[in-house]
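There's a structure below that I have some questions on.
We just call them A, B, C, D, E, F, G and H in the order they show up, numbering each chain from 1.
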Amino acid sequence: MIGNAPFFVAMLLIIIGITGMLTRYNLVRIIISLTILESGVNLFLVSLGYREGGIAPIFTGSPDGALMVMPTVQAMTLTNIVIGLATTALLLSFIMVLHRRYGTCDIREIRRLRG
Amino acid sequence: MILLFPEPFEICVLVLAVLILVALYRLVAGPTSPDRVVALDAINTLVVGIMFALGVIFRENIFVDVAILYAVLSFIGTIYYAWYIGGRYT
Amino acid sequence: MIEVLQIIILIGLLLTAILAVLQTDLLHAAVTLGAFSFLLALEFYILQAPDVAIAEAGIGAALTTAIFIFAIRAVGRKEVTS
Amino acid sequence: MIAFLVTTVFIFILYLILTAGSGTLGLWSYEELGAGIVLSLLVGAVSSRFFCKERSVRMANPVRILRLLIYVLILFPLEMARANLDVAYRVITGRIRPGIIRIHPELQTDLGILMLANSITLTPGTLTVAADEKTGDLFIHLINIPEGLEKKEIVKTSDLFSFFDLPAWIRRIAE
Amino acid sequence: MIIEPLIAICIIIGLVFSALGIFGLIRFPDVYTRLHAETKATTFGSIFIGLAVILYALFRWDDAGEGISLAAHVLIGIIILMVTNATGSHAIARAAYKSGQKPDPSVTDALADVEP
Amino acid sequence: MTGMDLFANLPGLLLAVPLIFAFATPLIGRYLPRARDGWVLLGMVLTTVIGLLIASAVFTGGTVAYTFGVPDPSVTVPPDSGGIPVRIIFNIDAMSAFMVVIAVVTGLCVMLYSLSAASRSSGKDGYYTLFLLLVAGVLGMVCTGDLFNFFVFLEIASLAGAALVAFRVDKGIAIEAGLKYAMLSTIGGLFFLLGVALLFGQYNTLNIAFLAERMGTTGLTTPDAVALVLFVTALAMKCGAVPMHFWAPDAYAMAPAAVTAFLVVSSQASLYALFRICFSLYGQTLNTVLLGWFIIILGLLSMFIGVTMAILQKDVKRLMAYHAVSQTGYMLLGVGVGLAVLSSPLLLSNFGMMAMEGGIFHIMNHAFYKGLLFLTAGVIFYRCGTRNLNDLGGLGHSMKWTMLFFIIGALAIAGIPPFNGFASKLMIYESVFSFNPLLSIIAMVVSILTLASFVKVFHSIFMGPKRPEFADVTEAPLPMLFGMGVLSILVILFGIFPEQVVEVMVAPAASALADQAGYIGSVMGGA
Amino acid sequence: MNGIETLTTGFGFWNPIFWVAGFVIALIITWIIWRRGEATYNTSPSSTGPFLSGNAEPQPGEIHVPGGNLYWGFTQALERYYAVIKPLHTGNLADYMLWYMGITAIMLILVVMVP
Amino acid sequence: MKQSNIVRITADIMFPFIMIFGAYVVLHGHLTPGGGFQGGAVMASGVVLLLIAHCDKDIKTLIPTQILKNVETFGLLLFGLSALAAVILGSGFFTNWLVNTGLLFGTPVEYGPNPGYLNTGGVIPVMNIAVGLEVLAALSVIAVIMFRSTEPDCGGEEQ
């Protein structure tokens, strides 16, 4: 039961992120919520690979035949973190330019493209 | 001689984790921005302590690398917050 | 033992996540997000993923903070609520 | 050039500490040593102009390093322990009398000011709030100002430290 | 052996000071006094936990080479922690002062003459 | 294996060439600015050649599986792994090859076009780098046989696409469009990753074929169904299906014209992935009728709402963007009908395969004529500086070739013979009529409305007397015309010889899509 | 005629040769009709004069029908449909995300509840 | 805000440490936690620290952006070409062609857990180095560009 706690928390984090993205109007806040959502996905991935009593998947110095947690999900998480950083940087630089041009960060006012 | 008594380290880790939760109160309630940054700094220091102790519990010396990095990088974060707060932005 | 530690950290994660969404000041939200990121790195560490923990610490503590601070500096820290 | 060498050696020592226990040659393996030399040269070339500005090359003097070690390993921890007991007392009892005072440590070098400021921050109930770059004065927040100290314009440093005269030591190390 | 009690004492000191630091953080009235408690006490606590780890690594590790390696890393970590925490709290204090936060219960304020 | 064996490594090179050319572009652009155009063109031509070679190999010799990181790339399942494909595998069957052909041909034409379209602007290094990255991302998306790898390429394509959408800042509006695109792409990508995680947690593998095999043995569990929903909605959003299409008009309208033409291909790569997941991953496990009807409904909504919104628009590119949404509906309709009847062989052979062929053929046709139309709109913007239909007029006097290309594209999108749109639309009408006559009638009505709205565009831009403010407008530069000319020749050729194209490329693609066992066997070695 | 085959479908067939031939024939017929009318067409303005009710005919350069004015009848007829469908395209990023997540949520509920 | 000299000196002292630690993480990517991306991010954090500590000075002379961009391209090309070299040597794309050759990073090791020797791993350390350089340069350039856009005159507002 306790072993499943990370999954629940990951799902809750995802829900918190979605709620924040849908209910907040400031763009920077939306990016913060996006980061939380992404962290939730990362936590979910890492928890998938966790084995009770496993050790880190590093060959140096580990006893022979020890139970290891799964390295695949860690590689996936790492990739996702990299992608997330790139996305965050791109979106935030967009927001900075947008604020200079529009004078606001409120998504209710950033809607020149409509109809 | 393997692992004579890791239990003190485990207790230590638990107590520090509870302290983190306590420090979160200041992060929530801190009336001003510097207060929150102070709380963040406290959390960082505690986490570094936890990581030191976990390095023993997990019996992996390479885990301590993470703690060193953590100490350095949290410093950078703190400096950034201080830079922003000191700049008199509204 | 590790389970109890995990539970505590997960509670902290949830608290900071909710706060980061709810704070009215963007700077406070960024600080809370920093704490969230640190706790997440610790959780990765406990889940035996030191690689991911290093990456999360490096990204969450230093670089994301820096980028968020730059952005908040550009757009102003108060969220306009109307 | 000297700056580059000093930086490189410093970095190399750091690298050796990081990779301690890796092999048979003393504590290190050949590969680690080779890689350490290459990395030290590279990083030294990048960072020497930050790490080693011209006046602090004097820190390469072995006597100063010995004094630095004594300072860091013996004197400073004692002061720090006392400071922490003091803070513990304040935390438990809640008796505080805070305020900001100004001291004039008469230190010239950057490293000296840094060491003093960090020492002050970690020692008796004090916290460096600001530093005047021209005069080298430090503005210090005290958690418990002794009676009468707040009247003075500039406080002498010896009033702050009880066991050892840390500024004098720092002067010996860094000046 | 004497090592185990030593490690236990180190851990207890570390825990006590960390706890004191956090309680000071909660209890003190303004940001400067909180910084006092936080910086000194939690840094001191973490250093003692690090010391406990060093002792453990040097005397109770199954592989001597790895033990030395662990001890060296923890030592570096402790030094980094001291330098960065002190400087970080200085930066926070200065920023707080610059942002217009005066020390609230305050006997004297020498900085007020210099930086209005 | 000794010595260079380039032909065995073509799938790897297909990915490596655009990436390496993209990475080297900033260096070339900084130190040899004159050689930059030739450099990127060389990269794109090489990619095209490799892509066409792979496609011909696939269409003649069957599925190509390529494993990364082993001495012999054709061995997909290493002998010591216990029958599990552990590495990243490119699994290029006929459907993938079909998409590769579309991507490289459109990419080449667009590159030719943008060589002169970008000649006046700054930041060309970044533009070409991002463009080649986008090409590489799309090629990776359509080639890969690995779910997580697909996610990575999806994100590469999304980020490069978003940066390209916002490339011309244009008073901030382009940034707004880019922000919306990047935001939705990121959320979609994260949900996709969540689905991948759900599948990985159950089956401990990421390979699509192996997943399909294991899922076939265990049956559909609830996490599988949740993952399916996450996949389908994320990919439907990425390909611009109503009601998740809102980003599409914004992004398509504000991007530079060349980029828009390729963004269409990028969203069709998402469409491809949607089909791949529905057919190859879930095909035999799932009751496909429900899913098929979901896709059909999405397609109908896309068709109708897209075209009715298009009629209102005053911006040329925004109008065309809504048409892109509308045309996506045709593909969803065709393939959705195929999916709905997948479980009954009789219906499948009666009209299901025909519907799928029509839908798949429409992907290619759409890429070509929509690319052509966006390029003409780009030329008009390049010469006149406006895209507003109320201001434009009388350009037919000075831009005859552009007008000709526009007519070709407009007639093709409206499904008028003898252009390629007619052929695929005919196939869709026919087969869907057998499935459900109402759907077919709606599709025809949408086609008529499409023609109507393009008559409006044609009238507003090209007809009428010459306007004084566009008196000095001249014909587009030659490379632009060349890029458009290649596309329009393709449009006409595919319209006149549809049967050959269907026989050589489309029918193998459709049967490859419907044949799940073949897909599994190509990786698992017929196990 | 091996190269050009007939695309046979359920209803009919599509052969480009037939189609092109038909197209050419239609063009020829059109040309013939146009040609017959051309000979007798009076190009002087007096032929259109009576229809313009006394106003002077505008010069060709002055006539410009803006694109937005086309199909006003169509949009007028579908006014109620457009009154629903056009406000959906708000240009608000939160609405975009809401639609996407709403569809996902509905599908999830359907999938989890139905079987 | 201009930083005080205490922060500046600390940053100057920490910078070489951060750089060497990042290089350590990159170079031991195949032995210990970390790798190209993590090490590169750590080194980029060092650059970001310099940026903030010296924000009152001329950023262009402090952090040469042009050189960083070249380094980024070099890293990317090194990564791509080391993967492509396998094809040229007659093997599959991304094959580890350096392993067990006795060349740089090519010392043969036995299968199974071992203490970890630096000189192993074949092409993986090379790719780690390439990724590390790329990440260092790219993240630094991003930070510098964002910093400049918020602060057109680099910190002239000190009272």
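We take it that contacts are C-beta pairs under 8 Å (C-beta built on N, C-alpha and C of every residue); 3 or more make two chains touch, one makes a residue touch a chain.
All values reported here derive from a predicted model rather than from experimental measurement.
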The pair out of A-G and A-F sharing more C-beta contacts is A-F
Taking each chain's centre as the mean of its CA atoms, the one lying farthest from the centre of chain B is chain G
CA centroids of chain E and chain F: separation to the nearest Å works out as 57
Note: chain C sits from chain B at a C-alpha centroid distance in Å of 12
Rounded to the nearest Å, the gap between Cα centres of chain D and chain E is 15
Cα centroid separation, chain A vs chain H, in Å, comes to 23
Touching at least 2 other chains, the residues of chain A are 21, 25, 27, 30, 55-56, 58, 60-61, 78, 82, 85, 89, 92, 95-97, 100, 110-113, 115
Residue ranges of chain H touching at least 2 other chains are 1, 3-4, 6-7, 10-11, 13-14, 17, 21, 25, 32-35, 37, 41-42, 45, 48-49, 52, 115-116, 139, 142, 146, 149-150
The positions of chain C in contact with two or more other chains are 30, 48, 50-51, 53-55, 58-59, 61-63, 66-67, 70-74, 76
Chain pairs that touch, by label, are A-B, A-C, A-F, A-G, A-H, B-C, B-E, B-H, C-H, D-E, D-H, E-H, F-G, F-H
Per the touch rule, the chain H residues reaching chain B in their complex are 1, 3, 7, 11, 14, 17-18, 21, 25, 32-34, 42, 45, 48-49, 52-53, 55, 157
Within their complex, chain F touches chain H through residues 1-6, 9, 11-13, 15-16, 19-20, 23-24, 26-27, 30, 66-73
Interface with chain D, chain H side, in the complex: residues 4-6, 9-13, 15-17, 19-21, 23-24, 27, 50, 115-119
In their shared complex, chain H is touched by residues of chain C numbered 50-51, 53-55, 58-59, 61-63, 66-67, 70-71, 73-74
In the complex, the residues of chain D that touch chain E are 14, 17-22, 27, 72, 80-81, 83-84, 87-88, 90-92, 94, 96-102, 114, 117-119, 121-123, 125-130, 132, 139, 141, 143, 145, 150, 153
